[in-house]
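Let me begin by handing over the structure; questions about it come next.
Chains: A, B and C, in written order; residue numbering restarts at 1 for each.
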Amino acid sequence: MDVNKIVGRIKKDTNNVSDITYRIKYVNKKKLYIIYNEALTSSDKISDFIMRSLDYIDNKYDSNIDLINVILNEISNFKIKTINTYQDICYYLNYGFTIILIDGYSKYLVLETKRNLARGISTPTTENSVRGALDSFVEDYQTNIGLIRRRIKSNDLWFNNIEVGRYTKTIVSVIYINGICNNNLVKRVNNLINRIDIDGIIDSGTIKNLIQKENKSVFPTILSTERPDKVCQYLLEGKVIIMVDTCPFCLILPADFNDFFVNSEDNFGNSINISLTRIVRYVAFFISMITPSIYIAVTTFNYEMLPTDLLVNIAAQRDNVPFSAFFEALIMMASFEILRESDLRKPSFASSALSIVGALILGEAAVNAGLVSPIMIIVIAITSISALVFSELEMINGLRWYRLLFMIGAAFLGIFGVVLVFIYFIIKFSSLLSFGIPYSSPFSPTDIAGIKNSFIKFPTKMLDKRRKYLTNNRVKLRDSE
Amino acid sequence: MTNNKISSLQVGVILSFIILSTTSWIGLTDIIEIAGRDAYISVIVAFILGIISLIMILLINDKDNKFNIKKLILKIFGKYIGTFINMVIDIIMIIIGIVTLYGLSNFIISQFLSDTNIIYIYISISILVIYCVSKGIDVIARSSVILLFFSIILFLIGNISLIEEINLDYLKPVLEYGIKYPVLGGIILFLTNIVPIYIILIIPRNMISDKESYSKYIIFFYIFSMVSIFITTFITISSMGINLARMYEYPEYIILKRISLFGFLDRIENIICIQWIFRGFIMLCMIIYYVSNNVKKNSSMIFRIIVMGIIIFINLIYFKNNTMYGEFILNIYPFINLSLFMIFIIIGIRKRIVYNE
Amino acid sequence: MKKILLVIIILFITGCNYRELNDIAVVTAISVDRDKDGYKTIVQVINPTKEQDSTSSGEPDFITYTSTGKTLQESFRKVMLESPRKIYGSQMQLLIIGEELARDGIGDILDFFFRDPEIRFNFNVVVEKKNSDNKAIKTLTVLDNLSSSNIMDSIKNASNYIGNSIDVTFEDLMNMYLYDNLEIVLPSIYATGNDNYNNDSNLSSTSNYSKVIVSNLSIFKDDKLQGYLTFNESIGYNFITDNIKDTLVSFECDNGRYLVSEIINNNSDIETDVIGRKIIVTIHGNASINENNCDYNLKESSEIETINKMVNNKIEELVSNSANSIRNKYNSDIFGFRDLFYKKDYKEYNNIKSVWYEDVFNDIEVEVKSDIKLVEKGNIVGGIHDQ
């Protein structure tokens, strides 16, 4: 097609928007159009590399040459491609490349001149790292891949890129280590992403919800993180990483229940200390789910479980409260959840007002007003603090739903109701599948290699095998003696 | 890495739950009433007799077996007799389910909630059981492993704290009335507790991912559950004496009331008896799974609800109080299980003779 | 969708046994006595008050309700005519049986407590003497805010440190009642003092107050109360049945001067000889000298030997005297000899079972061997009267 027509068509399609710049240059007496998007390209690269090279070509060669091959050969940009369709021109233009249209040729050149629009590598914002690397992913896809490649310097680190989104054309890449990771899993993930037909992907959460459609559970089955050292540890275990351009949080799948309790810095510690910490996390999980319901069950149905002094104390405290135990617990849980939610979203100028109001609701003022009893406040405080042990927000939200179910069960049938809801929780938990791996995987299809790193942590020398359900290549640590 | 394979550890755990499930409300009461002070000898007798059942299971479900027990019966006996035998076994399984459900619910009513109508307990347990079975056998298997983990913790806490209450004087004089009664008690314990393990045969060998260790795990969990029953019986009789144990309806629950852990934690019998609720639950799940196994997928949910409804209905109209239940499980129930045992011996022998594939 | 519907339906039903804590009255002690043809029961209920609450500072920590009826269950229900809350018995700590009821036979009241699913079986059982007129359950005390815990702690102290009482729970009582070979033994208490036992003035004086005192053991035969043992007989009984944890033995060396030694770490073994109708009680243990007002020179080992022998003699004399006097006065086998014979040789026992009390019991030869070693003397090596 005639280059003038192409330029005219681009101008019409983009409504002659002002950040697309068109420059005409004559090289070897042929007319070149240089088109680039000023918002996305860095002008140094264009003037330093492209313009200078074109001038050099203009000076060196005479006019009877095959200009496109000469430019391909001589231009000092490191990334250059030839394309020949109009859709490709639009794609690369929006991607930050510079398009060179040469009059008389039906192939066009695109050169990489992207401006770095991402921030620099900084510390992670949501995950604290006590003793580990402090770099985190940024919004630029190439930088993220670079951070991973720095740590895994092997030819087996493969990834394939898929473009998702009609308007956003975001690059989603599926990263795995060939030889460790299971091929069926990779094929499955690729199929799932290829089937997505959506207007746009803005961040990885959308991908997570779209490929996770089959699990209707409140517990998360995909981990997300913004730390490259964690990502590399999971890659070496045999998991698959999904990285989305423009989003620093990448997805790790498949994730099972134990992965939410394990911190990547646990490798530093002594195995006995870390085992106690893990036990504390597991106990905190159950405390956070069950404590309000046990309080309700013990003070309304099964009084014989309390020692006499405690029973008299609680009876004295509950004399003044007008509500039943179930509604009291419900009101306190709701106010704490409102507090927590507003804490996440608050603007900085409201923080001191928030802490005052929080102390009022959860403190002496509510007790003296006669709305709640003091022991309820302690129960709610223990519950809420135990829930904050986890770094994954979805897990804390998932606990909320089960906490409510346990409270309903306790109000209905006492301790037996708590047991019934507990059995329901175990059934739901065992029936979850996270991309073909059972969610209760280190415990229930029992896998010794998984249990060695779950609620007790064996010394690192003994963690020498990978998980049976993830991979066939099981040996990862060979004993050197 | 597919998700409908069960490991043989999970099969073993289901087996141990089936054996242990009727201990608390049927088995112990029977042997304490028959054998008295020597009830622990009954447990040893039942252990020896149960080896026959184990051998039967390993014979029927041998290495190349691709069919579950229902299809196997159809293949061995032909279509008409096979369907008839299947129906008989299904009815016997439903009777086992009735007895288990009543035992569990009566235990809950009499100890936890005194004024509740029993129909609420029936409905709550039934909803959970139907929900669990509708997810498939692999979910039942996985949940049973997790529930076993909790059960073992509670079992150890309960029994270790009771070691200091053991008074060996309560066991003397040994064998005062002769060996006849313990052996009779042992036979009844074998019939009520061990014969229902034939439910395991519903899982064919090729559904199990590590086939070679099937027999190893089955034998291990059989020994494990019989040792648990022995420990429970021994501690109950030697801590309470035979007179008190005969008076109570649930002696192993009453003995837990004596636990005083570390001096302050002393009212935890409600928590420790949660393990019995788990056992009854898994047993009911397996029974419903067995009965509804060969029904097509669309109507299987309705079929399960109907079966559960039949169980609840017969419970309501037949077992009006606990005395009738006690008479039933002592006089009629062992004979029902005896017929089940006979049927499976016939199946085993015929398979060896006729059907050698 | 179906699940949400189910949850909403369930939210409207809050249980079938739902009771708030404000609706129950927590019972901590029950006292049962005979009243014409029926029973008179006194129920002690905790009054839950907060300590800092100023409006309820004058209220006592517990109150008692009295009611009568032909059966136990009837009289407990009649309490509801007075009380705004329903009785809840699972925190019960103490059962007091009046003497009159005990003399008539306690078998009839046991079935109620045994059958109730709420009541736990680790509460203590005591007998209250007739002269204290059911006052023990109503007495306010300073050191313990519930009279039941006061009584229970006194009994525990008496059985641990003096040795004239035993700690009997309801389950032990049931065991003794159901088992034909055992007879019932219960501790006993009585209340003395002035008439202000149930109001505040009992708490405000340091010496002139009503109190509850632990007395010696009470002996039953066939579930009827026969009488009360003496102090020495109680200690002797406890030696035979291995219930002594700590007791004092004192003997007189000159007129009015005594040497007191404390028996610690002891246990008794019993051997039975069924054919020869003989029981041999062997008491092992250690002793220490607590108070020495005699002229023994404690630095010489021969003197220690002499004292040791005298302690052993004293114990043997105490135990065999109590065995004989209990048998002569009451003819009730509280020691458990019957049970020992049964466990040792049940065939022989079956022959003599029917004539136990007539022929066999009084003819059993009880031989006591005491093997206590003196190991400690306290701070002082010799004695202060040596020089």
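One rule holds for everything that comes next: a residue touches a chain if its C-beta (ideal position, glycine included) is under 8 Å from a C-beta of that chain, and two chains touch if they have at least 3 such contacts.
Here the structure is a predicted model, which is why all the values come from computation and not from measurement.
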Most centrally placed chain, judged by C-alpha centres: B
Farthest chain (mean CA position) relative to subunit A: C
Chain centre separation in whole Å, for subunit C relative to subunit B (CA means): 43
Inter-centroid spacing, subunit C versus subunit A (mean Cα positions, whole Å): 68
Contacts with two or more other chains, residues of subunit A listed in rising order: 301, 304, 413-414, 417
Of all residues in subunit C, the ones touching two or more other chains: 15, 17, 118, 120
Residues of subunit B whose C-beta touches two or more other chains: 113, 116, 120
Residues of subunit B touching subunit C in the complex: 110-111, 113-117, 120, 169, 172-173, 176, 240-241, 243-244, 247, 254, 257-258
Residues on subunit A engaged by subunit B in the complex (per definition of touch): 182, 184, 301-302, 304-307, 413-417, 419-420, 423-424, 426-427, 429-431, 433, 436-438, 440, 443-446, 469
Subunit C residues touching subunit B - in the complex, by the definition given at the top: 15-17, 114, 117-118, 120-122, 171, 174-175, 178-179, 342-344, 346
Contact footprint of subunit A on subunit C as seen in their complex: 7, 10-11, 13-15, 17-22, 24, 26, 28, 46, 48-50, 53, 88, 90-91, 93, 118, 120
In the complex with subunit A, residue positions of subunit B that touch it: 1-3, 7, 9-10, 108, 112-113, 116, 120-121, 124-125, 128, 131-132, 135-136, 138-139, 141-143, 145-147, 149, 264, 266-268, 270-271, 274, 277-278, 281
